[in-house]
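Below you'll find a set of structures to go through.
Two complexes follow with chain A in common, the first pairing it with chain B and the second with chain C.
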Partner chain A sequence: MQSAQPIIITDQVSIFYGEKRAIENANLKFYQNEIAALIGPSGCGKSTFLRSINRMNDFIATARTEGKVIVEEEDIYAASIDPVLVRRKVGMVFQKPNPFPKSIYDNVAWAPRKTGLPKSELNEIVENSLKKAALWEEVRDRLHQSALGLSGGQQQRLCIARAIAMQPKVLLMDEPCSALDPIATGRIEDLMRELQKDYTIVIVTHNMQQAARVSDKTVFFLNGKIIETGETREFFTRPKQVETENYITGKFG
Partner chain B sequence: MMFEKIRERLSYFVGLLAVVASLGLLFILIYDIIRQGGGALSWDFITNFPSRFPAQAGVRSALFGTAWVMIMTAFISIPLGVFTGIYLEEFLSRGVFKKFIEVNISNLAGVPSIVYGMLGLAVFVRAMALGRSVLSGALTMSLLILPVIVIATVEALKSVPTTLRWAAFGVGASRRQVVFSHVLPQAFPGICTGVILALSRAIGESAPLILIGALSYVAFVPENPMDSFTVLAIQTFNWASRPQEAFHERAAAAIIVLLILTLAMNGLAIYLRARFAGRKGAR
Partner chain C sequence: MYRGMRHTSKDFEDELDLLKETLLLMGGMIESMLKETEDALITNNAVTAAQVIERDSQLDQMEKRVDEQALQILALRQPAAADLRFVMASTKICTDLERMGDIIVNICERITELSRLKPIKPYEDLPRMMTLTSRMITQSIDAFLKLSLESVDLVLKSDDEIDDYYRKILGELTVLMKNDPANVDAGLKLTFIAKYLERMADHATNVAEQVVFMVKGLDIRHSGNPTPTP
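And now, the complex of A and B:
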């Protein structure tokens, strides 16, 4: 599955909130079509790290990032980089479904429309994105109704459709199922396997079973440091570090 | 347990009493005004110019003056105030400068209106030589309500959830797009309400306009922004300070007209709020 060249490289990434260091020297590589799960106890910095990959930390006034995050051979923290363009290449799905308070159609079409695409192409993008997000059949007859009328699980799939409408290379997911019931969670997990064919996915999850089920690679964070990284099956069956073993066997966290 | 219940009941009655007292006073006031001025209210009262004969005196010039001042005030203060609020809340990064401006705007909102009148007199009427014109009046009124509009805008923007901003940034929207396509439509009902409430405060103000020299006897309708003018509040003040009983009746009638205008504006605020809140998410 993996190509030789990583699509994301983080090189000595440290992230600070004011004086406090939330992430310390994170060195990771993510490959094309890989699903990587970031796990760890609350407050370990995994979400902070995730947000550094599409510069969403820019909106937290006190946050400061050091080191390099390279996406497709470009340092996204370089001065010449427009963070808006970074976020078009690296899409994001948030913890709580946050559809725009607009119609289902407009949720998906809004961003591509702003890049100046004609209406005919927009219809196609909306249909394709909703199909990829496994939502098309459920909403095709009510595309112009409010997205807020959808169930939580449907809203989250709409958010996924909205993210892939921009045809990103990478999808970041920040605990995308934490507000959903088990059935909706199952659908999103199936969907991730499907999306993997076209995208690289980095997912933060609280749920170790979820990490074991969906990911190819697992990264374990503890107190802002990466303790262990490994191929998922290997990681859960033969952890190399004591902390990892303690965490996955439920001794803490 | 007993005490808990008594306390519960007591706070209920105190609350009820406060509501009854304030509403009761208001109703007595309105009743009294209608009783005094209701008889003087007629179509002639609306269309007549003021006169030294109470029976012929009307509010035509004051009504037009009020309309002139309010419309111009709206045109000056709404864009200025709303964009200031947007800049402060959405574009200016947190820091000492922002704090400084915010504190000052809050303070300005509490400055007595007569102080704005003095400022208007010194700056607009004299220094800028605009004279005792509608324009001077509108500029002064704009200054008076600007802080209120800025604060209302900032509060309305603050009430838009951060997750909506993240959602928009997450799909590669620029800050301008996030603000104007996503945040502003959500904040719109709140901003509308704030703006209209600010304008209805301005409509009842007389002190700053008296200070800048709005006239109390104007027997013509202003035709351009440089004409002199009077407004309903000043006309009322003038009639109320006359010795003749008949003029007091006119004053009460003018208050009724002013109340109807204010009520209409508040009604508009409620309507806009309901309409846009209902439309949220539809498109």
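And now, the complex of A and C:
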């Protein structure tokens, strides 16, 4: 499934909050059509790292990023780069579903409309995005009703539809199922496998079984450092590092 | 559960310990059953053989207990890495131990039958083969208990020796049976016993191979090119 050329390369990435270094020299490669899971204990820096891939840390006043994050051969931290365009290419889905207090249609059409697309094209984008997010059949008859009336799982799929409406190359997911029940979680996980055909997905999850189920590659962070990266099947059966072994088997020293 | 670290969940730690304990109990029972079988063979004692046969049902129950404990851990704990390998290996080791119990029963049945027949020769290599098999089983259980690759090596090396014993005993018994058809009854039963011991050694080898999987995550089964025994 994965291509030979990485779509994302992080080169010696370090991220600071003020003086505190949250990520230290992270070197990773993510490939087209790959699902990569970032795991690690709370405070290990995995979400900070995830946010560096679409410059979401720019919104944190004290955050500072060193090193290079290259998306499609472009250093997204270069001075000439517009972060808004980066986020078009690298969409994000958050922990808690956060639909706008607008209609289902407007949630998906919101960003494409800003680019000045005509109504007919918007209709097409909304339908395609909702179909890709496996939500179309459930909402096609109530597109103009409030998105806040949807269930938690539907809201999260709407947020995924909203993220893919701009036709990104990469989807970042920050614990996308932590607020969902097991059935809604299962639907999102199935959806991720479908979305993988068109996108590269990087997911942060606290749920190790979820990482094992959905990802092709797993990265383990501890205290801001990458301890181990590996093919998920090997990672959860034969990890190479003792720290990984201890973490995934739930041990303490 | 090993490498010196404890699980955050004490219950999980206890469940893994209990699984290991049940397997060690099975192993201990096999060792003692085989020791008694050795005595029964040497002394031609059908009573001891019958007592050994009776104990097999306890092993069967333990096999079910191990499977149930492993099932619970898989369903409720979703183990990973070394824990997962341990649980997987446990279910396989448990099958090997239970099969060893069945084979001991077969040996004891033949001993009982032999006790009614005239001996055709003094036992020399057969008790030696039984002692070596017994040692392999002890070493394989020791390897499991201590996660010792040294003990694994000892088991794997002994398997060839067992095969050599088997071929030698089979050759001698074949000559005896050819020379005098009156030897066929007892000769066949002794041939069976030798074959059973060779099978037991194979099960001990399986246990040792599972220990390698547990410790290193390597599947070394079927990796060699052993000469098949007749």
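Throughout what follows, the second predicted complex is superposed on the first by the 251 of 253 C-alpha atoms of A that agree within 3 Å, B and C clash if a C-alpha of one lies under 4 Å from a C-alpha of the other, contacts with A are read in each partner's own complex, and residues count from 1 in each chain.
FYI, contacts are C-beta pairs under 8 Å (C-beta built on N, C-alpha and C of every residue); 3 or more make two chains touch, one makes a residue touch a chain.
It should be emphasised that the depicted structure is a prediction, and the values quoted were computed from it without experimental measurement.
Once chain A of one complex is fitted onto chain A of the other, the partner contacts of A:Thr249 are limited to chain C, with no touch recorded for chain B.
After overlaying the two complexes on the shared chain, residue contacts for A:Tyr31 are found with neither chain B nor chain C.
Contacts of A:Trp136 after superposition: neither chain B nor chain C is touched. Of the two partner chains placed by the overlay, only chain B lies in contact with A:Leu85; chain C stays clear of it. Between chain B and chain C, the partner in contact with more residues of chain A is B. Touching chain C in their complex are the following residues of chain A: 208-209, 212, 236-239, 242, 244-246, 248-253.
Residues of chain B touching chain A in their complex: 93-94, 161, 163-174, 177, 181-182, 185-186, 280-283. Interface of chain C with chain A (complex): residues 3, 5-9, 12, 78-85, 217. Across the complex, chain A meets chain B through its residues 54, 56, 59, 61, 84-85, 87-88, 91-94, 96, 98-103, 106, 110-111, 114, 144, 146-149, 159, 162-163, 165-166.
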